[in-house]
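After this come two complexes, each holding subunit A, first together with subunit B and then together with subunit C.
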Partner chain A sequence: MAENNTLKKSKNRKELWKGISIFLFLLPALLLFVSVLIAPIAVSVYRSLQDWNGFSPGTFIGFSNYKELFTNGSIKFMVGLKNSLIVAFFSVFVQLPLSLLLALLLGRKIKGSRFFLSVFFMPVLISTVVIGQLWLKIYNPDYGLINRALDALNLSAWKHVWVGEVGYALVAVLIPTIWQFVGYHMLLMYAGVKGVSPDLREAAMLDGATNWQVDKYVVIPIIKPIIKVSVIFAVTGSLKTYDLVRIITNGGPFQTTEVPSTLLENMLFLRNRYGMGSTISVMLIILCFAFALLIGAAFKEKED
Partner chain B sequence: MADLKTKRKASEDFEEERYTLKKTNPVVKVIVYAFLVFWALINLFPIYFMFTFSLKSNEEIFGKNVIGLPHDWLWDNYSAAMNTGDMKLYFLNSVLVTVSATLIAIIASLMATYALTRIKWKMSGMTNSFFMLGLTIPIQAAIVPLYVLLSNISKNPVFGKAFGINTYASLIIPYAGFTLSMAILISSGFMVKIPYDLDEAARIDGCGLWGTFFKIIVPLMKPALSTIGIYSYLQCWNEFMFANVFISDSVHRTLPVGIKALSGQHTTNWGPIGAALCIATFPTLIVYIFLSKRIQESFIAGAIKG
Partner chain C sequence: MKMKRLVSVLLAGVMVLSLVGCGSTEAPAAAEPAPAETTAAEAAPAETADAATGDAITLDMWCIATESDSNRGSYEKAIADMQAAYPNITFNWEAFENESYKTKIKAAVSADELPDIFFTWSCAFLGDFVKAGKVYCLDDEYQNWKDELPEVMLGNTTYDGKHYGVPTTMNIVGLFANMDLLKEVGYDEVPGTYEDFIACCDALKAKGIIPFGCAGKETWCVTEYLESVIEKSVGADELNDIFLGRATWNNEGVGNAVDTFQELVTNGYFDPAGIGLTNDEVKANFMAGKYAFYMNGTWNCADFAADEEFYQKVKVSEFPVIDSSKAKLGQLIGGPSDTLAVAASSPNAEAAAAYAMELGKLICHYGYLDGCGLPAWTPYGDTSQVNGLTQAVADICANADTYVLFGDTAMPADEAQTYLSYVDQVYGCQIDGAGFIEGLANDIR
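Right after this comes the complex of A and B.
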């Protein structure tokens, strides 16, 4: 009996020690994760319901910030949202088809496919700040490559101050954004294309299918889940755009190229509206999750 | 024997036949290659342009030699960027921030992954999903409270100098936090592949949970470390939003913020700016040349499961 008790005790102690160990193993990650992500988000949600300048206690105003975000034109949130949706549109309908085409071509066991893959992926690794600065040099009105090329072709009339004119500035941001991340989506899709069993491909070929038909009827249906991931990443990534806008146009001219993230920063540093800044962050989280769910649902419907 | 030979012959014929089936129109092939080469040039040209103008004088860049190789290779641009442009400082700051954040993320993720995948307990699945939330949360979501928190810490006489705004820690800790989810995802992928018999054998030999972790698991996780390390390096080295918001003095700037500041000051002198862009980019490209496959894998691992 006594023996049994001590056995139980030691077992209990073992369980306790196991529990403590689990906690200790998780502790660094939990501390980091909660302090950097979870707690700040909770605070953001709480502050988004307040009129707050960052220093005072803040007054509770319900959903007024959210209402103001969509109705007060001087905040430019609708402009920012429209711009990021334009970026999302071009990402999905220009960038992704290009990525898919490249992935399919490289998936055909052609010579040098590894080399091409590595080259196409390279821009992804370069800092967006560097890319932005580089493109600023290309767009430069006096010495930039584009205007120089137009001069050389006797098309000087077509020259523009690319990043400074309404109508061109957003395009000037759009081009490097799309250019930089074609390789990223290509890599994901290429991994999917490589995952298609060669037997399937050969079977289709034996049945007389051309390369294009194999891609269309065999490969694309199989890599659909990856295409879905790419679409979600492209859209949520566009909603989060910040670096290239900050570097290339800084939101100008006349705030026509602002995006939600640059507006968020303006709320902190130019307007001291920390409550409204929090509202924009919360809207970004909501939009990202909403679009991810929507795209997921759209793909599911297509499958049925 | 002869039978085997004919069989092989037959299969060779078959191969050949299949080959003719596969053979595409040579015109199509040329078009495909032309397209791939064209796209490769579009990808390489800006990098080539950056490198060449980093070695030119303004006269060359603005004058006759816009896109050719430099006539005089002006390495002085690099020393100008490094010294008068303070790129040396920014580079070291970037190294310090990136290495520290990566180490913290690796240690925290390995420990957490061990508890999540190799110890049996009730809430492990839920805890794992909790950590995976971080994969979808945009960094913008946390920026306002973090900024306010850091500004408040700055006013504290004891912690302000080490943890407030304009400190290395103000970047290191958030970077580590935001790479953590991916680091846990990547290391779980590697850790579940280690056979569980090893744990049991270690247990029989008298190793506790901690002994098993340090003596058995950590040494076997070396390949995971490079994948996590590469992922984290790329995230931290290129990060701009936090760095731009949390750092306002010139002493703690990382490369991306430093480049922005430098190009603001030297709008007319392109050479040193080009040199600064190259200084920020080449470490990554050099690593990429040697580890291209591993780098690509770390991106795929992150996206396909996430």
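Right after this comes the complex of A and C.
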């Protein structure tokens, strides 16, 4: 009996030491996670409930900022949200299929696949500011590539101020956004495609499947988890879009290309409305989480 | 086995301690954003005392005169003079990029970490800090300088009858004209009346020359035109009352003036491509001879004068009067906005106030000589070398009747952004004059 107790005590002590060791090893990461992620989110939530100009003491106003966000038309949050969802739509239904297509093609061991891989991935490596400036030059109404090309083709009537007209400005932002990240998603999917066992491919081929049938019935189902990750990245990335919009249109013309992040900047640094800025950031966090969960659920349903 | 576990726990402890240790040394560095440039006069003898008594003190200043800023030279020369005159004061100054400075200064005010002297914009921008009790009152110090600094120049930094800022240079909106293009349509001078001005624009348009260039991508550039049209239609006093919150936006005269401005747009006087261009691009187009007129701040004089070929072609004048029953020549958009202020939290606030006054005067002096703006202080010394354009602006200002500060500077930040959003819509013909005044009356006042 006494021996049993001693054994139990020793086991408990072992368990305790194990727990302490695990805790101590996790502590640095936990501290880092709390200080750079949880704490700022908590502060943002706290500030979102205040009317605060950034330097005077804030006044607690409950959920007024949240209410104003959806009811005050001059804040343009709904416009921003709509634009983000448009970017998300095109990212999912244009950018990702394009990435998948390229990944499947390059995954077939075609000649020079490494070269094409580098070329398609290159825009990801270039700074977004550089890409924005590059496309601004392409869109320039006076000397831009598009208008000059239209002139050369005697299609001057089709010329436009691409980043200054309501009907074209958002498209002018969408094109470089999609172009920039095609390579990124392609690389993710390419890694998945290369991970598919050659035996499966060969087996399907022996059964008389064409390349496209192999891709459709073998490769794509296997890389579905990667496609899911890409969809989550594309949607949450679209909700957080900022840099290209800031450089190419700066939210204009007439705030028609605003996205939540540019509105956030506007509230914080131009309007001195730090409380409202925090509200927008909290909304962004909620939306990103909600979409990530929704996408996860949608894929799960399909798998089931 | 036990030993292994003990060692692993010890190692984990060391890791945690090292992280905490790193954190404590890095924290202050993270809290202070890296300065763009720092100039220290000499090693710091950091005792506090009064500047006038000659005791050693240290003063710090933040400003926006970075290497690329046209005012950099005037700051450097003024600070060199001050350092020679006050060797007992260790003067450290840092310059930050304009937009990031706006964030930095607000954060510093919030954390009570302002330097002794700081650059600020006048009216609402400084007003918020004054309201929060963070700015030192300069009334006493001003008594020593009132012969050289006209009180009218302090209007934008006076709150509840007290002075809180030292103005440096001032600027107005000027109508810059490319005289080579005007000559092509038979004009040797910039038209003096609004009717002549419109006739000139028609003639330019008929000749295939675009009358105006305006950067639609930067709404403040549109306000340079719109505010001039409104001021020369309803008069400076009415516009001032609206900007400073003393009157409602629901003013029929303003609505009509906005319609007048919109007629200029719909008549095709503005470059249609301008809506997608930045001010730098529009300015470059103007200097390249694409537009006949360019309405913008007179801080451009230095750049225009620096281009020898273009300098021969360009003239600056005042926008003509539209309704002479309400407005007149001499009513200008602009005024002193660039300002130095002293932190109320400064341990040497009194000495800093004296230093800021004299420094402001020198920055103004050298800035005027460089053509960066007009003097808010009474000019002194030989000013014959100032470029002709700046001198022409000085002549316009010599006959000034009233100044109306730029709308987006005069109004509080939130209102200013709402106003700019409506200006944007006017330029794009999304709303007319009635929509403009109605919207602003609803959203602001």
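Keep this in mind: the second predicted complex is superposed on the first by the 268 of 304 C-alpha atoms of A that agree within 3 Å, B and C clash if a C-alpha of one lies under 4 Å from a C-alpha of the other, contacts with A are read in each partner's own complex, and residues count from 1 in each chain.
The rule is short, and it goes like this: a contact is a pair of C-beta atoms (placed from the backbone, for glycine too) under 8 Å apart; a residue touches a chain by one contact, two chains touch by 3 or more.
This structure is a prediction, so every number in the text was calculated from the model and none was measured.
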Open item on the list: After the superposition on A, what does A:Asn53 contact: first (subunit B), second (subunit C), both or neither?
Closed with: second
- [ ] Report for A:Thr236: first if it touches subunit B alone, second if subunit C alone, otherwise both or neither.
- [x] first
TODO: Would you sort A:Tyr66 into first (subunit B), second (subunit C), both or neither based on which partner it touches?
DONE: neither
- [ ] Quick one: classify A:Ser21 as touching subunit B (first), subunit C (second), both or neither.
- [x] both
- [ ] Mind telling me which of the two, subunit B or subunit C, contacts the most residues of subunit A?
- [x] B
Open item on the list: Touch test for A:Val119: subunit B only (first), subunit C only (second), both, or neither?
Closed with: first
Open item on the list: Output check: A:Arg273 vs subunit B and subunit C. Expected answer is one of first, second, both, neither. What do you get?
Closed with: second
Open item on the list: Just checking: does A:Phe299 make contact with subunit B only, subunit C only, both, or neither of them? Give me first, second, both or neither.
Closed with: neither
Open item on the list: Contact-wise, after the overlay, does A:Tyr143 reach subunit B, subunit C, both or neither (first, second, both, neither)?
Closed with: first
Task: subunit A positions touched by subunit B in one structure and by subunit C in the second - done: 21, 25, 27-28, 32, 54, 142, 268
- [ ] State the interface residues of subunit A toward subunit B in the complex, per the touch definition above.
- [x] 18-19, 21-22, 25-30, 32-33, 35-41, 43-44, 47, 54, 102, 105-106, 110, 112, 116-131, 133-138, 142-143, 145, 148, 179, 183-184, 187-188, 191, 202, 205-206, 208, 210-211, 226, 229, 233, 236, 239-240, 242-243, 246-247, 260-261, 264-265, 268, 274, 277-278, 280-282, 284-285, 288-289, 292
- [ ] Going by the contact rule at the top, pick out the subunit C residues touching subunit A in the complex.
- [x] 5, 8-9, 12-13, 15-16, 19, 99, 102-103, 106-107, 109-110, 128-129, 131-132, 134, 216-217, 272-277, 281, 285, 412-414, 416-418, 421, 424-425, 428, 430, 443
Task: Touch list for subunit A against partner subunit C, complex - done: 17, 20-21, 24-25, 27-28, 31-32, 53-56, 74, 139-142, 161-166, 249-250, 252-255, 266, 268-273
Task: Touching residues (chain side subunit B, partner subunit A) in the complex - done: 18, 21-22, 24, 32-33, 35-36, 39-40, 42-44, 46-47, 49-50, 53, 61-62, 66-67, 104, 107-109, 111-112, 114-116, 119, 121, 127, 130-131, 133-134, 136-149, 151, 173-174, 176-178, 180-181, 184, 208-210, 213, 234, 237-238, 240-241, 244-245, 255-257, 259-260, 263, 270, 273-274, 277, 280-281, 284-285, 288, 292, 295-296, 299-300, 303-304, 306
